[in-house]
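Each of the two complexes below includes chain A, the first together with chain B, the second together with chain C.
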Partner chain A sequence: MTMLGNFDFDVIRRALPYLFLEGMRFTLTLTALAAFGGLVFGTLIALMRLSSYKVLGRIAGFYVDFIRSLPLVLVIFWFYFLVPYIGQWLTGASRPITVGAFASSLITFIAFEAAYFSEIMRAGIQSISKGQPAAASALGLTYAQSMRYVVLPQAFRNMLPVLLTQTIVLFQDTSLVYVLSIPDFLGAASKVAQRDGRLVEMYLFAALVYFVISCVASYGVRRLQARIAIVR
Partner chain B sequence: MNYNWNWHIFLEPNPMGTGTYLDLLLSGLVVTVKVSVLAWIIALVSGSVIGVLRTLPSKTASWIGFCWVEFFRNMPLLVQLFLWFFVLPELLPRSAGLWLKQLPNAPFWTAAIGVGLFMSARVAVQLQAGITSLPRGQKQASTALGLTTVQTYRYVLLPMAFRIILPPLTSEFLNTIKNSAVAITIGLIELTGQARSMQEFSFQVFEAFTAATVLYLLLNFVVVTAMRFLERYVAIPGYITGK
Partner chain C sequence: MIEINHVNKWYGPAFQVLKDCTTSVAKGEVVVVCGPSGSGKSTLIKCVNALEPIQGGEIVLDGVKVNDPKTDLPKLRSRVGMVFQHFELFPHLRIIDNLRLAQEKVLGRKHDDATAKATKLLERVGLKDHARKYPAELSGGQQQRVAIARALAMDPIAMLFDEPTSALDPEMISEVLDVMVDLAREGMTMMVVTHEMGFANKVADRVIFMDRGEIVEDAKKADFFGTPRSDRAQKFLSKILQH
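Now for the complex of A and B:
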């Protein structure tokens, strides 16, 4: 029995600074920036899908369906190899440019999450009654103004719990950068685990940390949902 | 882009000696399908049990259901796979742990069970929503007719609930297929894994990933089409989707 008899708590304690200051910082930064970028681009895609220009709607719909049928792991590999070439094309360099691990994963997650966030924002925009944009245009607001000041703030507010839930999913999904040997929280735990031969301790600890953060965050979302549900 | 495209690469023999590179990718596709179907069966069976538990009046039952769902929903799938693959054999008695580690095809079974349990939490939540969406009268009428709880679920609630939640179940099955790619991290060589090995052997990275992408899209298309037929076949008359 290897049970808790020789469970080495000290290996976790010694690794704490590395795990949190390096690993968790990477994970949280990636989550926050990807959620923000995903929301911005997702909203743009949702507006394209709902626009009266059919071509724009088609392009946006194609992008969303395409990304949503692929496994995130495959998309991570795609971008990891593709981004240097895109960079070369954009900058006109003579060879594929080197892109850091963080930049590469950030671009991947923004592109990937934009597809998912756009579906949420589309539902949010469609949940606004037609009278709102109609009243906005009657008041002389342009399309951009009506979206900026009337529709989007309400759509965002209605969808806030769903957006936050998707962000918790994103937080868990960032662990997949492991396939690129990037030291995010799980990657850092895995590095220590392999270096010290302490897989049980490190993986159990990593699981616990993800579990606690996700639980607390979903509890917060449920509270928020209960609070804003009464507004209308 | 100064990348040497070579679309003929698929017809060239792969270094594993198992035919062409295309054969390599197709064998990966077969593994993806097998692991996804097995995981989906596990998810459906255990998810249905948990989903029913969550709707029972018993406090204990709904508490078990709650814990199950929270446990499998609040950890990344990758971490869960690591727990089953690396940690579980160490926590078991030595002989059982050794047996687990020496199991042939361990990544395959771990992936099927790990992805299956991960998805079971989502199935459970969907089924619970389906059951609670039914009018209260259905359950009351069953009780009035003298049906036991088991009979009520078996003959009244579940046949309705499953048909109502078929569309979300379709997307959960698609998610299962996509999630099976995470098993690459415990050494399962499925479709994404084969695309990766093709890239390492041949250096034709974009051809390999394009082919894998096309195969995933095809798989998606097949599943969606098949499920459309099933949805139409089992549609409940009188509901919006019904005849």
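Now for the complex of A and C:
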């Protein structure tokens, strides 16, 4: 009772502009860009895995297995500290190059999501019957055209609910950038909490916001899934 | 137009699907390929536009060797129409876009020209009012007529039909066959894998009978239905015609 008795709603109210205009904006931007980049590269990796060139398939398979066996938070951390030195080595510069925390975390998330999205897109492409690319080929479409106009749009549509669910997981995972002290939504809440000494209020509120957004989004995905099922 | 010379094909090292198949289809000729299931007839027709590779022999289409690694396959395939057993319309595209896609992306036709051509062909197969619908909204027979129109939109020099009516409900078979009969009478070069002996009787010039990967009989229509020479063809005919 004492905990709730001391509960200060006003500290949350005062922090709202900072939390949402700075923190949530960062979180949503990172989520959207990482999802988009992950989808693009994930689709390429999926095409490599399904390619008739065995070497490409093996490289893509290794990449996916490698990424999936690493803890995300460690990679975010290491990548941020290593990239300046890798960049220095690659460009031959005399000092470590500067890479912003945002760019570094975005690259890490795209690399991770590409691995996850590639598995989803691979399943999506395999769900299309062989007759579809055959019909596209018979009309004279090249492999690339057949993928672009016939197979991938259908694979994407079939997998849209799964892709969106993965994006919700990504939305939650972006909070891991706290290890780089980036003011994403959780980072912003954490800063206010430390500054004002109001840890209970801020962390409870942050949890509630993540919970509500994820719940609403999941509900939206289920509605969408039902609609797609009817159309098909 | 289509020449098939000593074609051999294996699935894996042990199973030979096509054994030394030799035949041809002349310009304007209608050739029906029939035979029991598993006889290799569908495989043979898919080799004609290289949807299936062959391991021996050669196939020549309008003077171009199909199984030559240097052949521009997409270009070659765009000149031959193909109709599949399961229609294979693109379900995410409206009917009109199913007919426009390859016209624009492969032949480079302008959008308006492709639309005009598509509309004309839909009218011809009696489906002009369905242009804005999606394939799933049409019956099987309607979908197959769209598939024929889609192939014709490319102005093909020949048409390949792979069991075009065997996935259809009985009452829809005739609407598809009617379109095919019209095509045949207009002089289209056609190679048709089918069990519809009525169709063969009506418009075929020649009938090929296949069994276990071999072309057992390749005869003029009258000869085939009159006096099939092989036992296997006789047995097949008696089974298929007795009902």
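Note that the second predicted complex is superposed on the first by the 224 of 232 C-alpha atoms of A that agree within 3 Å, B and C clash if a C-alpha of one lies under 4 Å from a C-alpha of the other, contacts with A are read in each partner's own complex, and residues count from 1 in each chain.
Keep this in mind: contacts are C-beta pairs under 8 Å (C-beta built on N, C-alpha and C of every residue); 3 or more make two chains touch, one makes a residue touch a chain.
Everything numeric here is computed off the predicted structure, so don't read it as measured data.
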Overlay done on chain A, so just call it for chain B and chain C: clash or fit.
fit
Of the partners chain B and chain C, which touch A:142 in the superposed model: first, second, both, neither?
second
For A:115, select first, second, both or neither according to whether it touches chain B, chain C, the two together, or no partner.
neither
On the A-aligned overlay, A:175 touches which partner chain: chain B = first, chain C = second, or both, or neither?
first
On the A-aligned overlay, A:95 touches which partner chain: chain B = first, chain C = second, or both, or neither?
first
For A:153 in the superposed arrangement: first (chain B), second (chain C), both or neither?
second
On the chain A superposition, what angle, as a multiple of 10 degrees, is formed at chain A by the C-alpha centres of chain B and chain C?
110
For A:132, select first, second, both or neither according to whether it touches chain B, chain C, the two together, or no partner.
second
Which partner, once the models are overlaid, touches more of chain A's residues, chain C or chain B?
B
Let me test your reading of the model: by the given contact rule, A:199 touches which partner, first (chain B), second (chain C), both or neither?
first
Least Cα gap, in Å, left between chain B and chain C after the two complexes are fitted on chain A
24
How about chain A: which of its residues touch chain B in the complex?
1-3, 66, 69-74, 77-78, 81-82, 85, 88-89, 95, 172-173, 175-176, 178-179, 186, 190, 199-200, 203-204, 206-207, 210-211, 214-215, 218
With touch defined as at the start, can you tell me which chain C residues reach chain A in the complex?
49, 51, 73-75, 77-82, 84, 86, 88-92, 101-102, 105-107, 136, 150-151, 154
Over in the complex, which chain A residues touch chain C? Could you list them?
129, 131-132, 134-142, 145, 149-150, 153-154, 157, 231-232
Could you please specify the touching residues of chain B with respect to chain A in the complex?
1-3, 70-71, 73-80, 82-83, 86-87, 90-91, 93-94, 97, 174, 177-182, 184-185, 192, 195-196, 199, 205-206, 209, 212-213, 216-217, 220
